[in-house]
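Chains here go by letter, A, B, C and D, matching the order in which they are written, and residues are numbered from 1 within each.
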Amino acid sequence: MKKLINDPADVVDDALRGMAAAHPDLRIDPEHRIVFRGDAPVAGKVGLVSGGGSGHEPLHGGFVGMGMLDAACAGEVFTSPVPDQMVAATQGVDAGAGVLHIVKNYTGDVMNFEMAAELVAAESGTEVVSVVTDDDVAVTDSLYTAGRRGVGVTVLVEKLAGAAAEQGRPLAEVAEVARRVNGQGRSMGMALTSCTVPAAGKPTFDLPADEMELGVGIHGEPGRRRVPLAPAREVAEMLLEPVLADLDFTGGDGVLAFVNGMGGTPLLELYVVYAEVQAVLAKAGVTVARSLVGSYMTSLEMAGCSITLLKVDDELIRLWDAPVRTPALRWGV
Amino acid sequence: MKKLINDPADVVDDALRGMAAAHPDLRIDPEHRIVFRGDAPVAGKVGLVSGGGSGHEPLHGGFVGMGMLDAACAGEVFTSPVPDQMVAATQGVDAGAGVLHIVKNYTGDVMNFEMAAELVAAESGTEVVSVVTDDDVAVTDSLYTAGRRGVGVTVLVEKLAGAAAEQGRPLAEVAEVARRVNGQGRSMGMALTSCTVPAAGKPTFDLPADEMELGVGIHGEPGRRRVPLAPAREVAEMLLEPVLADLDFTGGDGVLAFVNGMGGTPLLELYVVYAEVQAVLAKAGVTVARSLVGSYMTSLEMAGCSITLLKVDDELIRLWDAPVRTPALRWGV
Amino acid sequence: MTLDTDALGAWVGEFARAVREHRDELTELDSAIGDADHGTNMDRGMTAAVAALDATPPADGAALLKTVAMTMISKVGGTSGPLYGTFFLRMSGALGDGSPAAFAASFRAGVEGVVARGKAEPGDKTLLDALLPAADALTEAVGAGQELDAALRAAADAAARGRDAVTPSVARKGRASYLGERSAGHVDPGAASAVLLVEAAATTLARS
Amino acid sequence: MTLDTDALGAWVGEFARAVREHRDELTELDSAIGDADHGTNMDRGMTAAVAALDATPPADGAALLKTVAMTMISKVGGTSGPLYGTFFLRMSGALGDGSPAAFAASFRAGVEGVVARGKAEPGDKTLLDALLPAADALTEAVGAGQELDAALRAAADAAARGRDAVTPSVARKGRASYLGERSAGHVDPGAASAVLLVEAAATTLARS
């Protein structure tokens, strides 16, 4: 295992120390492993809390700040954080307007956030609403299983609901934005190589030199199938085909197109993919209103990418363009 | 070779198509492979032109925009662009106030930029000043060789000289800022894995599973020596030791500390490294005034990092904090 | 023969030891159809649970199981933290008088807690596919008047058979469900750790 | 016997062919002590040069070499583009009457252009370590009244000896210099491509 880390058991704590040092305008609770917005709780504002296993950086800690999250809980690598952390985060951001939990749809994340919400309800008057993201079209038969995974759309929910909260909108409306974004977004990912969980010490899966995993998750969960390596042009088609089949993205005010790197894929390649995504969308009659290209929701050092499309309207475009000031997304301020 | 590309011969053109699609506020000249600021030439402003081989993204094209570069020329992967490109870029950004060339110290880059400057001088009245960055302390005996390489400090020169140009300062002053930054910055890098040049199709070097390259460049040039894998703590020490030995970074207004990822290393690990950098600097009596953590000057999919320290003063801190609006660095606007 | 605090402590200790011994194996199983952390998760939690019991010796069996529960919930995360946590919490609340029948009933209460929290059904390829047959075997054996050691052996064997029985199945819950058909033929990591739990009971409690 | 446009065209064509044949080998040499692009660079440039000559047949030898020069400069980049470009440009400007003596002089002018542009010295482990001995051998042989074929053979052999002579050395210019002692023992990629250039001359021009 080749990684720039110390003891695998310390990865999360060490990275949080680094974040604390690099971002003095965030406040980090090392004991609970929470990244707080420096000025949380923000008077009158709905608090946004998210979190999940580590190994997906900049998600979620890198999205804490003005216009996005108020707090993010960091779990062990690929392991949901625990209820205690979520309770502490929720209490730390509550300014009386209630708190939105943004939860990616994984059994562990959902259960831990549920337990946290139960504890908060039992212990305090804080109103908590949870929105679960589940945008991954790689997961079929989702009715009879754990359902679709929450992937790329989570970043967009955090930005757009964050902007709505920043405008001072009430909890119900902020949650509604989050739900709408989740409902209008779809994603699909692929991997060229496996990631290596530090504590496991070896690659989660073996992938022959001439194959790739299609429909891979962000935890190195193997995908639905293995296919021969293909040029970026075909990869874009293979990823977009099920996305476009699942929801009609034509017409209206167009889409936000998000090409996300899995951690080990350089930006050069993501731009190559984005060029092909644009070409596929143009042919499919889908207009791109906004785009995002970069490694925002990673899977350790896995090489690969995911593509997320979000149907947008005037309001969502305004929320997207609204100022944001976090380590990983920043504009307008 | 596992990459998200089409034909290796088309990588640069394909990526530029992607950049053009993703960043409508940039103007891309596909024929000359130049990324222009959308509003170039900017009246009254000194123009900043840089460029180099591709494969280092976001450098340089991702640093084009308000407060940083006016144009970036993209060469083939790891190959300096050609004089024609630099001439076209220089002419395209010249608003009468002259143009600064920011050149990384590699024989090819220096020669091609020199030829371009000669051509510009012969053909037009545009005043061109070149500043060559050479901050890599891995290269010793630099007096008798091609000299030190230009690495991490180049990003800082582009930001700081870009901010000075944005203030409307004259060419001589902007060049002076660039030279001062280069003179006060030092870097050192390492790699855990090799990169693979698309046209070559296989890793540039083989690195055993238990070794790393110390003093590696950003083109997969092998480093000065191979050492056994070490924890991030020791890596930070090994990289900082020669940097701190080369220039006194104590006292004054402190430093800008920049931990840069080589392309295949995820942000999680960069934060782990940054935590250790802070610790080493604290012990060495060096104050950190500003920091930057991320993959800003990559070497394709190479895993590894470099550390750059820049001695800053009040003026440089102000220039650093000044607004910038580029695909890869953005704040204050 | 009663299942006192010491006996339950021995069970928990033996489970922790077994988890440590099989940690890499559990993670390996989770690599094939999950995210390669089940062994690490369980080991982190059970190590912390044993440490918590050492630090503050529990007043009684219920307190002991509650400490284990709260430690799993606050130290593990993921899917297994809440599920094993809920299992021990519900057992703790239903422990009764320490008789074999009470133990069987509280074990079943724990398993029902897992059902309530995770909403999985038999055959979904989860820890339940080891725990439910174990609970059934235990209840039946104790009800039929068998000695505790025989009853626990039956439960452990039922757990192992349950784990193996779902191995050919396609997972319908948890992370393995994302693989669809590709999950068939792999041992479920959670079912494997649940077998260790029941085996640990057979090894330690039978001697009580 | 004069070195006319066709003869020079044959030389350039043969160099392009040889570069293509040895492309991967040159890149491999550059992987060891550089950035793995020398073969790709030279092949891209020489392929474009041949295409440019095909598209617009040059009026004379000087025009031919100038087209090659400008193509190398505008299509290659890196270190080899400007250096090979300067070589052909200076040769073009000094081509003279097409006699062997004039060819030797213009070859030397080309090599001096490389020195002026790259500021390397003999022994620095660059293309010059093949080109300088070749120029010396050519001048000497032609001056001694040898036939062109013998003179070019001598030049090509001198180039190869020069390349091999610096192989044990530590590079002091270009990217290989960053390796310090680790560059010793490796063949310099630029010196290797320069040998192909002189070999191509010996193969084609000798027949003129």
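To be clear about the criterion, a contact is a pair of C-beta atoms (placed from the backbone, for glycine too) under 8 Å apart; a residue touches a chain by one contact, two chains touch by 3 or more.
Here the structure is a predicted model, which means the values were calculated and not measured.
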Check: Which chain is most remote from subunit C in terms of Cα centres?
Finding: D
Check: So what's the Cα centroid distance for subunit A and subunit D, whole Å?
Finding: 54
Next item on the list: Measure off the straight-line distance from the CA centroid of subunit C to the CA centroid of subunit D, and report it in whole Å.
Entry: 75
Next item on the list: For subunit B and subunit D, let me know how many angstrom lie between their CA-based centres, rounded off.
Entry: 32
Notebook entry, point to check: If each protein chain is taken as a node and each touching pair as an edge, is the resulting graph a line, ring, star, complete or other?
Noted result: line
Notebook entry, point to check: If you go through all the chains, which pairs of them touch?
Noted result: A-B, A-C, B-D
Check: For the complex, which residues does subunit B have touching subunit D?
Finding: 53, 75-84, 106-108, 111-112, 115, 138-141, 144-146, 149, 197, 199-200, 204-205, 215, 217, 219-225
Next item on the list: Could you pull out which subunit A residues touch subunit B in their complex?
Entry: 2-7, 11, 14-19, 21-22, 54-55, 57-58, 62, 192-193, 209, 212, 229, 231-233, 235, 263-276, 278, 288, 291, 293, 295, 298, 300-301, 303-305, 325, 330-333
Margin query: Which stretch or stretches of subunit C touch subunit A in the complex?
Written below: 27, 31-37, 40-41, 44, 73-83, 117-118, 171-175, 177-180, 182
